[in-house]
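Each chain carries a letter (A, B, C and D) given by its place in the written order, and its residues are counted from 1.
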């Protein structure tokens, strides 16, 4: 009896001590993302990027253990976003916030950061304006304007003068339309018509009919990755636009790797610009893809949000390194201003002024690999692109 | 004319089928009129035409000298033309007291008020108690309607109608479905109806009709085939034909 | 008397939430905002028998009105709530006018169509609403000039709780007023109500306006406490979820609305924190279990238990 | 003219795809009086089965459709026995609660086992090519969908109006107690009708996958569309569903062609207008 009690007591003590000492030395990072619901794939990629980084770079920085806490935010929902962020900061005592897929969700968190003394590293949300909301925000992904702008020049180079633009009718779509129009017209082209399609469009053939009727030589498209993309590309093929020689330009959201198997051969030849292709040829990327594939649970599920998360974790690690485990959001953010490193996507740096990532944008073509599977092949590089959306402000 | 209520040439066609044909009748105040007729004679259609649930194809409904044909059901009720239902239409979750209170408040145009209490008015409460007392419903006043006897539900139908202070009351088979042990209570209630009220009763139970009505109207195939005092009804050949023909048909089917 | 006890219970539960989960106040505030929305649905569904899958249109109208007013310099919280209530009421008037033309399934579809149109309008008017990026930059002034809406969210929560209690008391008066009884009557049998000499349409429309005001208050509270208004606040998803919460809790008692909201959102929060990836299965299982165990909703189950308790006690006496 | 024809044929194809997916729901709601919000979940299950059969096992398209229908019905049988039977005749909102619960479960489970990516059902060569029909190029698959829609509509009409089972079904719907007394085994009728509705959902899910791609969130993503189509047509009415699908398909398609940015306005304004004029749907039964 007594012996048993003693053992139990010792065990309890050890347990308590263990947790206490761990708590003293554990830095928590809260990651908010769409881990379920219609965007579950993107959330899964957040997780894959985070886990890949921690697998490759260790789970501690300068002796501080890193613990990641995930919170699910299935769709754009600022109220829930704020509630989750608050809980992570106040209850879970996280020192760093990361993730965030949708712009309004990020907007709901930014007002908290100063009081929370917590930096927010955005892994995805791609609207330029987020960065101006708080000086404690850093972004490791891209903006739609950033990935879209090079397309203007590319289209002209390929002999296209008249383009019809077709974008989903929501924030990023409108951003893409504006960015492309600006770049394309600056390069001497003309956007003959700009179509905005409701997000819940299921059948795109009427849109294709309009594309055909407009007399444009190419279509510029932006849709959120997922089922709608599939419908759009299918309609582009089925209605014979492809055979008719009408070219197709889009930011890389449309040909994200996880959608390619579903798009099938219909995607071959599509030209997209983006900051990252899973096929990117570099030793850093090989290591990343290997680790991230393991984390995501299948090569066909790996997509661009994973690299945003991977580099986001890099930024957070550097912040922890700089503050040595003390909670000082401003110091942490200052430490990564101007930081540059080699990401799986290529050379990148954090712009000291905008806190947004500067990166290469690649022109990619969907081609069929030797194994019969399609992939994004990088064929042209536009080095060190900043976010034109922020630059103009 | 001094008639409190009359209908003139009331006709209703459904498609090509006339379910009411040129029905005319008049009622002075204090009238006790019974409308009888075999199944399918068009009695329910007639009630619906009179109360405004249906619009007639032709004809007029006149209340107190005013043509109310163009008015909807609600306006007719507000002008004093009130009905009961053949199958009770009550709110099973509410008590008789609540039914009658609501009706009185509605009559006083106070039922849409938000800023007053439902039972806040002593005058209303007194009237409700009086009505329920007259109809012998006080002992079940605070039980849910779903739990009280069917006969009591029928009495409540009458109480609701009376709470509206009608000038003309249409009783649609007030004793239908009531076990015979309870019919005396209904009869009693009918006897105690305010004397100046004009009552049109639709009923199958001939005993009840003979005891209650001063005059009888017989409807068959959408038409009035007889108007007169109860004692003459049985002797009328057209009435006999209508009923017995029906009876014969019923026999042959069986 | 029972209602006084009920309200005391709500206040007690609210304060218990404050003391027990001081680190989750933003979540609890969100629960309160949604509870207001669910209450507003109960007014229409539970008391008038009008099915709706579009109530978020009214919630969103309140949220956007408060948000737009705030961005344009109206920062006093109580004024913002009033603006939200007004906008919700106007939206309720509009929605009621359209929806009350139909019945049953058709009515349900009208409600869906209306919320989708509101959603589309909010998306289109991005100059005012921020579109899909959300209306950000709401800086709400301190409550009574003293209490700031801050990170810890005490002000927001207590403000929300006070609003909820006040609205709840007001609604208790509404549903037990002659008007409330009339609505219950209409829910059971509109023909009977007409035969009592009352019009149906204006009565229901009035309830739509009240319901809109309540939903609008919820929306404004969400806007104030979140400082961002997103398109989700006028979405079909929010409408459907809140209807589910109401049915879960039980219709036509007002208490059911609160019980349903707290249980659903609390459960969702708990399971999604345990497993952020696959919690939906658990929520689904909860709904199925409730239908199997308590088809009348959770508050109906509670009532049944207390009623049977009373009966046994009565039997002994 | 060419444009009008081309829009018309697009509208017809889209409308027919909607019809095949929605008609099963219309039957459950109209004839069995069950608001089955999990209808899309069954369509999605079928999509996954067909995708597995055609893509991973390499079976033919026709076999994949067949397996999907059979498989989905088999999956639905225990659900019908254990869950749906409890809500026949329940208030509609209780049914909503139950079937939303089922939908959530199906979504969660699908996501867990099959992951969140899109699943495709490879088409046979004959259906995946584009066909030139004179005034436009159209995917052969769309022609196939149109044909399927017509066949389903005629087949159902025949089943319900002309067969002994149809008579029993209509009798059961009108008055279950009376039908029971007349010796109709209503439980069996319900079970068979449920299986038919599920089978139609399955067929719709697979055949319509080119329009509405298969992924875990399918059931919720398109729930509104399904509900709207069924209600506008009038629950339980086959001609109603046909008219509703074709009309809404036409409104949607032309709206998106003429003014895509106001496509949703067109669609929902049309829904409101139709419902206000036909409050029971086009051919709805009196309630």
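Convention: contacts are C-beta pairs under 8 Å (C-beta built on N, C-alpha and C of every residue); 3 or more make two chains touch, one makes a residue touch a chain.
None of these values were measured; they are calculated from a predicted model.
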TODO: Work out which chains are contact partners of both chain B and chain C.
DONE: none
Task: Steps needed, at minimum, to go from chain B to chain D via contacts - done: 2
Task: Centroid comparison with chain D (C-alpha atoms), farthest chain - done: B
- [ ] Could you please state the distance in Å, as a whole number, between where the Cα atoms of chain C are centred and where those of chain D are centred?
- [x] 32
- [ ] Compute the distance, rounded to whole Å, between the mean C-alpha positions of chain A and chain B.
- [x] 73
Task: Chain centre separation (chain A, chain C; CA means) in Å - done: 35
TODO: Give me the residues of chain D that touch two or more other chains.
DONE: 108, 111, 220, 261, 264
- [ ] Going through chain B residue by residue, note those that touch at least 2 other chains and give them in order.
- [x] none
Task: Where chain C touches two or more other chains, by residue - done: 120, 124, 237, 277-280
Task: Touching pairs among all chains present in the structure - done: A-C, A-D, B-C, C-D
TODO: Using the touch rule from the top, collect the residues of chain A that touch chain C in their complex.
DONE: 35-37, 40, 43-44, 70-72, 75-87, 89-91, 103-105, 107-108, 110-112, 115-116, 127, 129, 133, 169-172, 174, 198
Task: In the complex with chain D, residue positions of chain C that touch it - done: 45, 51, 98, 101-106, 108-110, 112-114, 116-117, 120, 124, 236-237, 240, 243-244, 247-248, 251, 277-288, 290-292, 295
Task: Residues of chain A defined as touching chain D within the complex - done: 36-38, 40-41, 44, 166, 169, 195-198, 200-203, 205-207, 209-210, 213, 226-227, 230-231, 234, 237-240, 243, 258-259, 261-262, 264, 297-298, 300-301
- [ ] Note which residues of chain C are touching chain B in the complex, please.
- [x] 173-174, 176-182, 184-185, 188-189, 191-192, 194-199, 202-203, 206, 210
Open item on the list: Taking the touch rule as given, give the residues of chain D at its contact with chain C in the complex, in rising order.
Closed with: 29, 83, 86-87, 90, 92-94, 96-98, 100-109, 111-112, 220, 224, 227-228, 230-232, 235, 261, 264-265, 268-269, 271-272, 275-276, 278-281, 284, 287
